[in-house]
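Next come two complexes built around chain A: one with chain B, the other with chain C.
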Partner chain A sequence: MDIDLMITSLPKLLIATIVTLKLLSLSLIFGLIIGLFFAILRLNKNIFINKFAYGYSYVFRGTPLLVQIFIIYFGLGQIEYFRSTFLWVVFKEPYWCAIIAFALNTGAYTSEILRSAFQTIKPGMLEAGRSLGISSKIIFLKIQIPIAIRQSLPAYGNEIILMMKGTSLASTVTLMDLTGVAKYIISTTFKPIEVFIVAGSIYLFMTFIIHNLIKFLEKKYQY
Partner chain B sequence: MEEIMNKLKKIIFTVLVSFLLIGSSNADKIKIGTEGAYPPWNSKDASGKLIGFEVELAWTLCRYIGQQCEIVEQDWDGMIPALIMRKFDAIMAGMSITAERQKAISFSQGYADEVASLAVMKGSSLEGMDTPAGINLTKPNAAAKKALKTLTGALAGKTVCVQTATIHQNFLDSGDVGKVNVRTYKTQDEVNLDLASGRCDAALAAAVAFSDYAEKSGKPVVLVGPTFSGGAFGNGVGVGIRKDDTELLNAFNKAIDKARKNGDISRIATKWFGFDASM
Partner chain C sequence: MELLAFGKTGWGDELLIATLMTIAVSITAMLIGFLFALIFTPLKLSKNKFLNLIGNSYTTVIRGVPELLVIYLLFFGGSGAVMFVASMFGYNEYIEINAFITGSVAIGIISGAYSTEVFRGAIQSIDKGQFEASQVLGLKKFVYFFRVILPQMLRLAIPNLSNIWQITLKDTSLISVTGLVEIMRQSYIAAGSTRDPLFFYSFAALLYLLLTYLSMKLINRLEIKYSRGF
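== the complex of A and B ==
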């Protein structure tokens, strides 16, 4: 065990953690917007809209995240026509490819989490709102959304942790995130165990923080 | 119910024992690790069988050593750790002998040498650099120093792609060509893909890796600048062996001597590279 290597690699890995956190937060923000959008589509009575939203979540939950990143990064990059469009400005950068893949992936899971949360809301609550003459828009914003968020907190907390671990795949498209830098250090020291133990501990610590944050929110919004 | 449990136990026991037997029957074979993704050094054919210069050379060397061999596949970035952890006993994966790697493992004498080169897509602004055909970085002469200066100017702010944990990455990290934006990939295939897609302004690898890719894909990949050797690029490609395994190291050294004398290395090298890359 090379303790010195573990100590000297820690600051480098901590700096790389910033990249990981940036990837995670941006993917979660975009993912939440996508998830909410598709959850609402899923609740739509129109069969085509409904099936379209279901198809999206089915495809992105049914394929590995690594495959999705590879298709978005290496796959799209091979299409000559695609490279001539304005979209290439975004897709040329590995950073945005990773965020797009992560956001679409977590968006699919989030849409399912939110959909089931919406469906658990008792009809009585909505009827109570309607009987008071509250418009359906206000009912949606002030009753359905807050309850759905509270209902989905435990499941969404899991999704955040899964996504946090998923960001390690960013290193496969050349990004120097926590895993990327860990691999880089290993490529010059040839000591994977030491470096991965430190990197793993940092991931574990982030899980610890996220886990407790969600627990705190769950307590705060208990009803 | 109990009968079923007993049967189940028997099945599990048999499976475990057979695993043990499989494990032990391979014990006296020399296991050689290769990447299988760096043509023409080592690669795989359509059916997934390992082929290439080093695969064929490995069988030849094993014949001279007089022991059974097994060639196993290993991702490049885990090659040296896997050797140290005894997943296999020798590396033959186009691995150049460098001082940095020699801190971790031993190398046999070199069996082949290659030059590295930058590659770009046809029409790149990096084409037509005024540099000598090849430079040696072990003791760079005036022309080599001037070439490095030209490269430093041309590559400033450019993205150069390399495979991770390679001599090519070490060279770019060394600062000999100034501060370039280095992007690292797990395999050379991925480097080639991103060079073709235009995400990389240039790529650095063995010159043969690019000519092989250009030939097979039909993409307009062209070599630019000088070819590199010496210095960070090491002194030829050898067999990587664990430091405490001197017996195997000697066996490989002797086998390489014999194979060289009998012309086997030249013959196999010419077959795979199209020129005699042996040393």
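== the complex of A and C ==
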């Protein structure tokens, strides 16, 4: 055991944790928007819209995250026309490519979680709202959304943790996140166990925080 | 399309072999995972506090740490660990472990943690009466586990195990970082030498979709088979 290495690598890994947290929070925010959008499409009665949303979630849940990142980072740059559009400013950065891939991936899982949450809402609650003369917009915002949030919290908590682990793949497209820096230290010092313990503890600590945060929210939104 | 031709001109045969490699690694990893689950499920269910702690730390650590980090640990530390064990038996030569074994063990450790949780849940949800009835009938421990508990456990566990299979299948793409030539690695090589990453990575995505689709079909049949009578 090389305790010195563990101590000297800790600050480097903690700085890298900031990158991981940034990646995680941005992809979760975008993912939630995408997920909500596709969950609403899934509940649509139009069969084409419905099938489109199902196809999206099927493809993104059925392929590895690594392939998705590689298609976006290496693949899209290949299209001549794409490189001349303003989107290229975003897509040439590995940072944004990773976030887009993560957001699309977590969006697919989130849409499934939200869809099933919306479907578990008892029709009686909506009927009650309607019979009180509440407009359907208010019913959606004030009845469906809060119940769906409560219903989807446990599953969404798992998704956050999975996504946090997923951000480690950013290291494959040259980003120096927690895993990227850990790998760099391992490959220069050849002390994998020490670095694994430090980096793993940071990840475990984040898992612990997320887990407890979700537990707290579950209690808060209990009804 | 000529990029996918078989033989020397295209990448068809290479990708086919790579797909078989992905399947082989996934199955090996899944089986190694079952082995780990077989060891750690009893620990998690044990009444002994210390054994319990070992079981819980395994599932908590592995499920809370990124897969890639576990793979790096085994990739860089695997041969060192094996050499250390070998040196205790007096063997001091350099030992190199091939990428297939490292990869399957790494993914196996990960899928094992999830399998352990599934088996624990399945055993705990079997009615207590079933255990008592087998004891009353005087069944031998071996018989009652394989004839009474296991069939009921499988029915409860198969839907969750199918999820784990899907996760394992997708996780094997991460082994490409160690250089094992599976779908992802082969696409990387092909994309590099043809300068056509979009095509090859999209094709890789298609192959994974095909694998997940086919395995779902197969697992659904198993599910029907094991839920007969319910």
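The rule is short, and it goes like this: the second predicted complex is superposed on the first by the 223 of 223 C-alpha atoms of A that agree within 3 Å, B and C clash if a C-alpha of one lies under 4 Å from a C-alpha of the other, contacts with A are read in each partner's own complex, and residues count from 1 in each chain.
The criterion applied here is as follows: contacts are C-beta pairs under 8 Å (C-beta built on N, C-alpha and C of every residue); 3 or more make two chains touch, one makes a residue touch a chain.
The model shown is predicted, which means the values in this text are computed figures rather than measured ones.
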In the overlay, answer first, second, both or neither for which of chain B and chain C A:92 touches. first
Using the superposition on chain A described above, determine whether A:183 touches chain B (first), chain C (second), both, or neither. both
Partner chain in contact with A:74 - chain B first, chain C second, else both or neither: both
For A:133, decide between first (touching chain B), second (touching chain C), both and neither. neither
Applying the touch criterion given at the start, work out whether A:124 contacts chain B, chain C, both or neither, answering first, second, both or neither. neither
For A:11 in the superposed arrangement: first (chain B), second (chain C), both or neither? neither
Which partner, chain B or chain C, is in contact with more residues of chain A? C
Per the contact definition in the header, classify A:174: touching chain B only (first), chain C only (second), both, or neither. first
Give one of first, second, both or neither to describe whether A:83 is in contact with chain B, with chain C, with both, or with none. first
Considering only the contact definition stated at the top, list the common interface residues of chain A for chain B and chain C. 74, 78, 172, 183, 186-187, 190, 192
Within their complex, state which residues of chain A touch chain C. 58-59, 62-68, 70-71, 74-76, 78-79, 161, 164-169, 171-172, 179, 182-183, 186-187, 190, 192-193, 196, 199-200, 203-204, 207-208
Which residues, counting only chain A, touch chain B once they are in their complex? 74, 77-78, 83, 92, 94, 172, 174, 183-184, 186-188, 190-192
Which of the residues in chain C come into contact with chain A in the complex? 60-61, 63-69, 72-73, 76-77, 80, 166, 170-171, 173-174, 176-177, 184, 187-188, 191, 195-198, 201-202, 204-205, 208-209, 212-213
Residue ranges of chain B touching chain A (in the complex, touch as defined): 77-78, 80-81, 84, 100-101, 104-105, 161, 164-165, 169-170, 183-186, 190, 193-194, 196-199
